[in-house]
Every structure is written in structure tokens, then in C-alpha cells.
């Protein structure tokens, strides 16, 4: 007769939405994070018998997020994630591994001026930045399935999602396989548009996170804009390559690029020519290109991507 | 025995997503609209018997959106909506009224430079602006229930939605009614945050749409930031008032402001003081404040808000 | 110089999500509502000066929802909405009108059996019903713009949304207008699919809500299924007519029917015939048909639809 | 100087939404799938130089989904996914691995009756079932990173998502770790609610998919309902264990259970007692419990879960 065992598992509090205001006199600063914690460790008993003795409750995890935001501030999502992950593993013998995943929502200042048009001494108004969401995933401790506590390596993956970009020319698509189900026609000029999800792994936990993130974002944008594209795969590789070449602290880049199809509308029935000027922006289906670029000497990722 | 009749009705193509590229040599410009059309008129027969003789199909409406984008370009959502609405009513005797509702998604340029760091002669890369969506609603023709065709007035309502703003101080909430279900405590300092949906009605169809929109948006932002708020209603009124005072072409402003509650977290159990520094950003439930500010001499809105 | 005035306004707590368990011995019953309250009245001061003296806070409104759920139970969304609306207006002199909008999420029982396969004496497990959401909107008091308190009529509109239905045949589309932008071809056989949003107004506040709702829903479903359709407008009218004819307590029906286009895929390039067997289900754009059917002797709706 | 290499990658058409009608005389049957294809293979050139010679276009993949729906029908998502995956790998030398992920949306029949109340000979009306979505993920071919083509094993994972369930009693939460950030109080009676995402791996590709799925779903539901729960982890393990014990063809179950917190509202301020009758259903944050149960003799999963 069959016997069963507990396989990989983790638990935690998801989507704790914390806003931290820092006051420098009348000048306020804002960080706005959604934090997800996932812990693993000695969890056999709680699954098999409901014995919670090894369980740090998800409510406690949430409290810790808020308390740490006060005690230590939020200098960057990466640093905040590292601090939380280390705390859970180092303070609780039953917790062997922590994964902290953070999304940061950006805010721009609405500038206040005094009577002379100079910046006012009180600045506390903000407008949500649109565009992409910054992300960070931190792992600390033994691997999720690890039984020992010796390996307490930390791994940091920075990233962004929903960075929507578009080139209105300099994109072709030709020379692909033809089988009995192929009907698409070749083109030497099309719109290329995508919503970038990118994640980049740091070699160590010592990066200057606040300097690194905007630079990495800029590399991605520039590589997208400057690549004459024969395929979205080529653009993906160029983006990853550019980021690696430009940022020595990064050892691996993973990208997921949905091909947001823009179809040139056939205007001939109306006696009009469409020289790639009018497009129907389709929702579904869409191409989805996923790939990674790796520095040759990149260290083993361990659980970094899990 | 009861008899029944057809009541108010309209039909049309919703969410036609059109992207229009305009090429000024190598410099490309982009407008990205989602267009909804709703027509009404002699629609008794199609409802009662399925006779489509009076029906301009929604597919044709979609085609018209694409064809007009080519023929006339898109100078502004308001102008594009007016052109479409007039076309449907003026070209089809069975169509007495058209409503065109447009959302515009903004794109920022990713600047390309030449070898000397000067702007390049080819510019065709864009990144989706985040933040708010620009909106426009145009009505043209007899009122939706109108049987005649004499009144072919046009009405234009400009607007925006999802403009998320936050003041980290200068907001109080005190002096409200107390009944047996009241437990909330008064505060002299709180975060005030909202996602602005605003619509403003133009007195005529002659506004300079591309100059008016960013100015109106700026008035809303500044009034939000500069109002010391005793209630979200007060802020709402200040925003509408400021827009009306600043833009002579606008005669009425309607605002919907969800109160995006940010609750100061109680950190006392952890021996920490929270001087309005750490907040839990809640999702639901939320306060919802809706209101309007009207210029005294505003003309009758007719169907403008329907 | 221009002067401005406060126009129509209302405020309240949106999306209070309350779950009410009723225990009949070991047999538990469940109602799961999301409640939105919107109040209006003497709100000039709060808008102009931030004086909250007339304001029943949205937090209090939320508390009232929870307290009433306990005190009175939830027999139906309509009855619960009426009770709340009457309370706010009748207990607060500054509140002249209340609108309560409710969505109900349905749960089905997961039946528990005892050792003999008979229904167990303890039943407390549920699975969320899918499909449509039941809705109810209640108005009570003077019209939203009303200055007096004499008219305290109540209005009840029941409804549902997201009832997705499909006929795989018995739908044609022919005989429509042809203009220069018309390219769609006539068809004698197509899929007709829609996501029904329906609202029906009751003549009085005395309907048997729990008997009325499922009967109304059944009329809508049957009329959709049994109508040989020459246009979606015809189907819409048939659905409204059937509901009115079948339910004497209802005096008006409003329907919004998106035409969820299913396009027969052209399989000829692959040497296959497609006899309306394989469809591409499109998302956007879509036709949107809105209309109403009214009983001749229907009383004035007042603010019922606002 | 650093050198870079292409890491793991795949590409394909996502979210092809196909509806297949099968006609048995006047009795119509319906299957409604959203299909995602992801292929990998000899993709070095397309990434590095944009050479598409090895690329089967995502448009072709979409066409194949539609053509296969016609040619072979859709007996089950698993069987349809297997057929597609095998086709792509076996017909294209450059494609070494295919992953096909399918979501099925269920429809219930709206029964038509003839004059005597008997089932009519024509049945072609449907209403979308709500509740959960059925899922299937199929892998075929060498592992995503595999260079050879020898290993053409197939793996099938069935599943469901958004199965929302609730027990209104028989759930406790006590005996957990207490640290300096722990404030939650123990309870011997609470609501336990979750939205089940479950996936179960089949030992072979020979399961009777249409018999297996509803049985697996029933095991999950019954285990949830019948488990007296001391923790959500215990419930998770019970659900996985029950499915494995009941279905010999399944060798591993993975579950993700968000703890949809229902907080008993404090009604004391209103002089009311709340004996677990009135709950506030919270959205965020939420606990998230993920875990798996594995049959001891389960074969290696290979890429099944990727």
C-alpha cells in the first residue's frame, strides 16, 4: 500500500502594504511597499497533526514588517527585505529559510513653493508615479528543502514589472519556419511593443541598491530603444546583455516580454492607404518571450529564483 | 392587462483600441486611445422584431474609428470624439444621438541621441506614462430620448481618472456627528490620500483641448496639495473651485474621491512610538466622496453627464 | 466675475464586506454581502469650510452595517438595504437621502453526511457559487438634490451582473445599414453570447425578495435561451419583456448586454471546413447593447436609477 | 573581461481562447479553453542575431490550436494539451520541448423542453459555470535546458484554481510561537476560508482525464469540509493526502491556500454580543500556505512543475 510524505512547503503573510513617512523637518519622504514573507523549516508537525509549536504566525510576520519600518526605516526594498529575512531565520530555531518578496510603488513629489517661487520649507504632497513597479526578492538561510542550518547564504534579485515600451519602427519579422499551419506574412516594418518584466540577480548582498536600480532600468530602456530588432528574442537578449555589461554587480538577468501585438489596420476597403500609421492594439492572444542572460562566472543561484 | 414599452436605449462598439503614429520625418508621434461609441435613434423595430434596417452595425463603428484616425489624425481625444459623433448623426437619418467616450493612455518619449549627445533625427521609442488616464466624453444630437432632430447641440466633458495623490500631513478630521454606532476617534494629523476621478464640462466646443487639459490637471494637483484639509469634502470643493477659477472655458466640475485610508499602525506593543510614520494602507472598505462645483452662469448640461 | 456653487454631492462608505453566519443548531447558514452606502443632505458647510457637524462619518456607517447584521440578520439584500437606508435618514436630521447598494456573493452547501449517508446534524461547509452576482440598490428619502424632507419614498431595484450565457445557434445578423465603412458580412448562423447585467425596479417595497429574485433570474435565462435572435437588441427586449410579464411586482427592467463576439475561425488555409464548430472568443472591442422595457403604468422612478 | 551566455529560455503564444462546439444532431456540446504554448529548442541564433530560421512563429502555434480543435475535437484539456505538445516537438527538428498550459471555463446547459415538458431535441443554450477554473499543464520532450532529443517523456499535471471554500466552525488556532512581535490571540473557533489552487501530477499519460478530474475535485472538497482544523497547514495536508489516497493515478499534489481572513467584528461598543456570527472579510494582507504531498514511489517529476 502507498505511503505519502510531506513535500516542499512554505507559508507566510502575503501583501502587507506598508507606507513609511520620514520627516526631515518639514520635508517628508515616502516609501510605499507591499511585502510578502514566506518561511520554511520544521513544519512536519503542523502539517501532520496541526501542532503549531514551530509556527511563527503570519500575523506576527505582519507586525514585524510594520515594526521594522519604524525601527530601521526603509532605505531600499532590497535592504529592507534582507533585514526581515535575516531576522526570521536568525531569531527562530524552527525557521530555516525566509523568502521576502517586495513590490515598491513610486511616488513623485508635488513641489510646494513659497511666496517667491522658491521651494517651500514644507514639502509633504505626492502623486503616484505610474509606469513600472520596482521589485525585490530576497532569500536567506538553508534552501527551502534544506534540513541543516549551516548554509545561511543570502541572495538578492532586483527587478521591475509593467514597464511598457514601444518602438514605432525599426522592427522586422522574417525568415521563420513555415509549416502547414503557417499563414503569417513577413514584414520589414512593424510596431514592437512589450510590457517588460525583468529580474536581475546580484552577485553579493553588498550592492548600492539605490544607485543600482535606476541605472539598471535605464540600461533596459536604452537597449530596447536602440536595438534594430529582427525578433523579440533578439531584443530580449540585447536588454539582458546591456544590463550585465553595464552593471558589474549583476550576474544574471531574466526577462519575460509579452509581444503586445499592434496590427496595422487594413484601410483599403475605405480607399485609404495605411503606411504603418493606424494600428489595432490587441489584447489576446499574445506572444510571450522568456529568456535569460548569464555572466560566465556567475555563482550558483541556489534558491534565488524560487 | 399590462402593456410594455421600450424605454431608454443605446448601442455601440465599446473599447476600440486604436494607436495612431504620425511621422514628421524620422520623428514619430503617438496617440493611443480606447474609444467607445453609443448611438441611439429609431431603434423600435430592432428591439421589437429584430429588423436591423435602422442599425449602423457596431463593426462599422469600429471601422470608422480606424478610418478617421487615418484620414483626420488625432489632435486630441475631444476633437476626435466630436468628429466621430457628428459623423454618425449627420450621415445616418436613423441615428439621432451619439455619445463617444474616450480614454487616452499617455506615452513619454525615450530620447534618442546622436554621437554628439544631441537629439537624434530619428525618434520612435516610447515608454508608457503611468499615473492617470485622460478621458473625454462627447455628446452630439438630440437627447438620448429625443424624438426630433432639431437640437443638434454638442457637449464636451474632459477628465481624468486614477490620479493618485497623497498628503502626509495637513489633514485633520474632527467635529463630526456622534451616534450610538460612532467609535472613530478625532485626529489632528493624518495622511490624506485619494485616487482622483475628475470630469469638467466645457461651456462650448471651442476650447483649446491640448492647452486646457494639462492646465486643468495642474490646478487639481495644486489645489489638493495646498489645501489644509478638515475633511475630504473640503478638499474636493477646493479642487473643483480652483479648476473653475483658473479655466474660463470650464463651467462645471465633478469629482469622485475615494478616501484611501492609511491607518497609523499601533506600535506600542513593541515598545515603539508611531508619530505618524508607519501606516497600513487599507483597500476596503473606503470612504467615497462625490461632489460637483458649478459656475453660476453654467448653461444647461443637457445629456452631457449621461 | 464668476461665482461658483456646490452642485450634486453624496458621500459614504463603499465596499463594506460583511459575512453573516446564522446558526440553527448545528446547521449554519451564510449571507455574504458587500455594502455601499451613499448619503446626502445638509452638506454645504463641510464642503465650503470643512465643518463636519452635519457629517455622519463613513466609519460609523460601516459600524452600522456590522451592527445591523447582528441585530436584524440578513434576510435579503433588499430588506437589509431598506433597513439601513431608513435608519440613516430617520435617525439623523442632517441626512436627507440614503442610497444603499449591495452585492451578494452566493455560497452553496458542501453537504455533510452521517455514517448512514443521511444528512448530518452539523452542516457548516460551503463552496462559493460562481456565475452571477446578485445586486440590490435601495433609495430612501428626498431626492439627492432635494431640500425638503417630506418625500421619504423608498425605491428598490433588484438585479444581477456577470450572468454569462451563450447560444451556439439560432442567431442571425442581417439587413443592417450599409455605409462606406461597412465591411461585415451577413450571417444566418452565429454564436450569440453575452454577460448579462440586469436591474429590475419594483413597484413597491413589499415584494417577497427571496421568492422574486430566483424567479426573475429564471425568466431572463429562459428568454435568452428560447429567443430565435435576429439581433441582440431583440434578445434584450425579449428578456425584459419576459421578466415583466412573469413578475407583477416589477415595473421596469434595464439590461446591459455586451456582445461577446465569437468569430468562426477561417480554417480553409489548413484544408478544413469550419461549420460553426471552432470559434475565437474575442475580448475587445465588443458591441454593447443597453436598453430598458417599461410597464405602461409604471410609477415615476424618482431617484431609483441614480 | 566578462563574457555572457544565453540562459534558460522559451517562447510561445499565450492565451489563445478557443471555443469548440460539437453537434450531436440538435444537441450541442461546448468546450471553452484558453491555451498557452511555450516552446524551447535551438534558439541560440534568434537571440544572438535575430535569425528566425529555427522559430515556429507564435502565430502558427495559434493556428495549430484552432486547427486541432477542429480536426481532433477537445475530449479533455489534458488530452488536447498532449496532442499539441507532441505535434510541436515531433514535427519540428528545432523544437525540443513543449509546454502547453490550459485553463478550461465550464458551461452548464440551460435545459430546453418541448411542449410536454420533456427534454427538447434541440439543446444549444449554456450558462457559464462559476466557481473554479480547471487547469492542465503538459510537458513533452527533452527538459527545457536539454540539448538532446532522446528523452521525449510526457508529464501531465491536472488542477484547478479559484475554488473558494469556507467552514464556519471546526477551526482553531492555538499553541504557536510567541516572540516580541506576537499579538494575535488564540482562538478555539474561527471561520476558515480559502481559495484553493491545486495541481496534481499523474504518474503516466494514460489517466481517464474526464473521470479523474471531477473525482479529484470532490476529494479536495470533502477533505476540506471534513477536517477539524488546528491550522491551515493541517487542512492542506489532509486535502493532498485524501486526493492521493483516493486516486491511484496521481503521485503528487501541490496546494496553495490563501488564508482568507474573516475577523469577528467587535460589537461590544454597541451593546451586542458577537458569537462568531458577524465577520469582516478582509482582502489584504492574507496568510498564504503552500505545500505538497507526495506518494513515496512517485517517479521523478522532471520538468513537470516548471
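Lettered A, B, C and D in written order, each chain numbered from 1.
As a convention for this text, a contact is a pair of C-beta atoms (placed from the backbone, for glycine too) under 8 Å apart; a residue touches a chain by one contact, two chains touch by 3 or more.
Note that the structure is a prediction, hence the values are computed from the model and not measured.
Annotation, chain B versus chain C: rotation angle of 180 degrees from the Cα superposition, expressed as a multiple of 5.
By the residue-number overlap criterion, the interface of chain A with chain D counts as same, with over half of its numbers used by both chains.
Interface comparison, B-D versus C-D: the higher number of contacting C-beta pairs is recorded for C-D.
Inter-chain spacing, taken between the CA centroids of chain A and chain D, is 24 Å. Averaged Cα coordinates give chain B a centre that lies 38 Å from the centre of chain D.
The centroid of the Cα atoms in chain C and the matching centroid in chain D are 30 Å apart.
Chain C has residues 17, 63, 67, 181, 183, 269-270, 283-284 in contact with two or more other chains.
Within the complex, the chain A residues that touch chain B are 17-23, 28, 30, 32, 63, 66-67, 69-71, 107, 110, 112, 124-132, 163-170, 191, 221-222, 224-226, 262, 265, 267, 269-270, 272, 274, 276-283.
Interface residues of chain C facing chain B in the complex, by the touch rule stated above, are 2-17, 36, 38, 43, 46-60, 62-64, 67, 91-92, 94, 173-177, 179, 181-184, 229-234, 236-237, 240-241, 244-245, 248, 252, 254, 258-259, 284-297.
Across the complex, chain B meets chain D through its residues 180-181, 183, 269-270, 283-284.
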